[in-house]
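Please find one structure pasted underneath; my questions will follow.
The first chain written gets the first letter, and so on, giving A, B, C and D; residue counts start at 1 in each chain.
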Amino acid sequence: MKPVCLVIGAGAGIGGTVGARFAREGYHAVLCRRSDKEGLDRLVAEIRADSGDASGMLLNAIDDNAIEDAVIRVEKEIGPVEVAIFNLGAQIGDRPLADTSHKAFEMGWRLATFGLFRLAKTLLPMMADRGSGSLLVTSATAAVRGNAGQHSHAAAMGGRRMLCQTLNAEFAPKGVHVAHILIDGAVDAPDTLGKMLGPERFQQLRETRGAEDGLLLPEKIAETYLHVAQQHRSVWTHELDLRSFSDVAWWNHV
Amino acid sequence: MKPVCLVIGAGAGIGGTVGARFAREGYHAVLCRRSDKEGLDRLVAEIRADSGDASGMLLNAIDDNAIEDAVIRVEKEIGPVEVAIFNLGAQIGDRPLADTSHKAFEMGWRLATFGLFRLAKTLLPMMADRGSGSLLVTSATAAVRGNAGQHSHAAAMGGRRMLCQTLNAEFAPKGVHVAHILIDGAVDAPDTLGKMLGPERFQQLRETRGAEDGLLLPEKIAETYLHVAQQHRSVWTHELDLRSFSDVAWWNHV
Amino acid sequence: MKPVCLVIGAGAGIGGTVGARFAREGYHAVLCRRSDKEGLDRLVAEIRADSGDASGMLLNAIDDNAIEDAVIRVEKEIGPVEVAIFNLGAQIGDRPLADTSHKAFEMGWRLATFGLFRLAKTLLPMMADRGSGSLLVTSATAAVRGNAGQHSHAAAMGGRRMLCQTLNAEFAPKGVHVAHILIDGAVDAPDTLGKMLGPERFQQLRETRGAEDGLLLPEKIAETYLHVAQQHRSVWTHELDLRSFSDVAWWNHV
Amino acid sequence: MKPVCLVIGAGAGIGGTVGARFAREGYHAVLCRRSDKEGLDRLVAEIRADSGDASGMLLNAIDDNAIEDAVIRVEKEIGPVEVAIFNLGAQIGDRPLADTSHKAFEMGWRLATFGLFRLAKTLLPMMADRGSGSLLVTSATAAVRGNAGQHSHAAAMGGRRMLCQTLNAEFAPKGVHVAHILIDGAVDAPDTLGKMLGPERFQQLRETRGAEDGLLLPEKIAETYLHVAQQHRSVWTHELDLRSFSDVAWWNHV
């Protein structure tokens, strides 16, 4: 039986691509996303066409028990989750405080912070019982600094980073590796950046900045996810950053 | 009319003491807390006995509109809030993930992160209209590192710190000062530490460590709150830490 | 006998102004700088005209024993140093690596890092013997992030910040307070920024950005130095930042 | 002609092991260290016995031109340096300030900070001309927090981290990848930890903590160095940490 790589938040960007990379490495990739069954089926079909194993699941992560049930079902029907990728977030673009509703603020937390808590609470005890497992958390610059207009996103990601640390502190000694992977830049991802920009501006960005490797490429990101998941337990990385060579690090200014 | 210092979370520790200090400086201190009307009345009476102005308000910060209504009522009935102290938090002690319920995790966020968002959303636009005002946020070490067992508290405080940054980024240019004050150590506070430890252990700690200034004294903390609120707008502090001279900084180990 | 406030690096910006503020508070201000005896005499005369006590000393901090001898002489001839302000640095503007000579890189360290080490090594044991004293270190954004062209300055200031932490870790329990004060922005200082920009551009900056409190005002900075030096030992600040309300925090971008 | 991996500081721990790993990957490993020609020859022989290419060089990094000449000679006689590992440091154990001589403090900087500057100043322009290259810098917890007794080491490593950032800011856009790799824990390294502890205590530590993967294993560390050197330029890591699963992260306490 293949080990399972469970991806929560599997669009055609980081999530789906990381899943496909793990599938190529011999994992059964379980791809979960909220909507677009067609897109999900396509990702699964591509993995299978590449001789990999994959399953797809539509789930709305904020529904009660949605994450919990998915984990339990996967563990029961497919196999033990050896690697989980938590890839949800609610980057809603820059909005002044006046335009950030209570609901938008709460939604940021519910997806990005509480969602991770729920996944961890369900999955990490199982991993701890097995004495192994990795939880790779896709993070963003907003986890380490709060820019204007990022009230919801930054509060959610800042909380998430601290949660990754408390999870590590409790579970690393039990053999479970939690890694906080800070994506510091624009990702060449049609389902997130593409939707934020619209097809034309996204295509244009790809042809200019992307053509010179100025956008983070999901298939290259996936190599680092795989590496981190495979680190020997004597040398675990808890926090790392990723950015394009031509981009300015978040701590610098132009 | 005196300027108002509004304290959200005014127990007999930092909140109440800071309120009293501002009252001595000529502010009308409005002390808000969830329960213990008797204790609240005592704080108000002490301020008045010291020739200061103060009012008390019981409110449950997590109730819909509780924070919002309090701000509006104070602005209308007492006067413009020039300084707000946000002092809520839900430190529930160390608990393994298994013992951290969904509800406890959410409550941490609701009080410490969402509460600040709601206060800011109501109050900061008014301050911005007036071109001045200070929001001093009491924070904790959990805002910058996640220790084992601190899942709820660290996630809430980490989010809160990022929120302070996004608020600053938007409102500082409008004349509103948001300061994140990291309390890195045990405070000589009967209503929080005292309740966590119980009366006997708390008294013992006061007589040993406290006797040598090893506990942060609320009346000394209040001096720094007052200083930060009075900083000239050309030299605002956004983040600072406070700890006892004899304590180990969070980034060090023994 | 008045307590002494020793300022290492006392130009007409932060150093001299902080010295004057402490003199007004009842300290004997000892102002040390490398050159411009006339300017130094003027600062001393101004303090005396304001009924304060002050002395001036020319010293080249990188000379062997210059800092050490100054401390010893002051302690012997004027009185115990209760507060020391370390205000040296070698901000030489942005220079690509190719234009940063071995000498320039070393000079940055020699002034900003080694100079502090030497001051601390001479003075802190005396303060520790007396069980009290403050060492306030003026720092810069370069202590926490390295921008392009800041090779010498950032390496020096980054080392200095860590040194402040090791000094605190050893000396705070002995009653000596070391504070790292991060100045995150342009200071209205003729002897540093003024010289970097030249008189015309500096005057122009003062009349535009400065007129709206967009430059940090040394006399306002001095208030925070004084506050930190007077914090009760149960509530010491080790790190804080200062910036103009209208400036962008280093961790944000425009 | 094989690409060259130049290791500055190649003992039988991280340096030598990383060099061997790159040799196995097809690089010519050039191992440089200060002393112990016999040990150096053994490392080189081992690599060759494993069908790899390697050369050894004794050099005292603090000598004028030692690092510079080595780079130039290697580039001329062996080939273009594609990857450089900077592995020097002067961890001298905990020493109170009184026991930290001017010389010891300067030596820390000279090896750990200035050495990196000199390597970068010589090598990075060549890499920039070629449009590619990696400089991997072994770092330590002292780069991000200053513990008691670590005056020399922390000041040196703190400066080094900022230097890595300024180097990145200038050279990343030119295709040169500088990575700061924070080793947060005890390494199973006979030439550094082994010498600090003495053979008996080191052997004992290996048999207890090491037997349970509680020491960072150099050959596992080497996998991450290799991964970072091979990251695609659209996804470079600038900072990451490594620690054993059973160890406490530096930001946590027990």
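Going forward, a residue touches a chain if its C-beta (ideal position, glycine included) is under 8 Å from a C-beta of that chain, and two chains touch if they have at least 3 such contacts.
If you're wondering where the values come from, they're calculated on a predicted model, not measured in any experiment.
J.: Which neighbours does chain A have in common with chain B?
T.: Output, common partners of chain A and chain B: C, D.
J.: Over half of the interface residue numbers used by both chain B and chain D, so same, or under half, so different?
T.: Same residues, largely: of all residue numbers at this interface, over half are found in both copies.
J.: Based on mean C-alpha positions, I'd like to know which chain lies farthest from chain A.
T.: Result for the farthest chain: C.
J.: Chain A and chain D share one sequence, so how far apart are they rotationally when you fit their Cα atoms? Give it in degrees, rounded to a multiple of 5.
T.: Going from chain A to chain D via C-alpha fit gives 180 degrees.
J.: Determine the centre-to-centre distance between chain C and chain D, using the mean Cα coordinates as centres, and give it in whole Å.
T.: Using C-alpha averages as centres, the distance is 34 Å.
J.: Distance from the CA centroid of chain B to that of chain D, rounded to the nearest Å?
T.: 45
J.: Going by the touch rule set out above, which residues of chain B reach two or more other chains?
T.: Correct list: 145-148, 165, 168-169, 251-252.
J.: So in the complex, the part of chain C that touches chain D is made up of which residues?
T.: Where chain C meets chain D, its residues are 96-98, 100, 102, 105-106, 109, 113-114, 117-118, 120-121, 124-125, 142-143, 145-151, 154-171.
J.: Which positions of chain C touch chain A when the two form their complex?
T.: 144-148, 250-254
J.: Quick one: in the complex, what on chain B touches chain C?
T.: Its residues touching chain C are 165, 168-169, 172-173, 175, 177, 188, 213-217, 220-221, 223-224, 227, 231-246, 248-249, 251-252.
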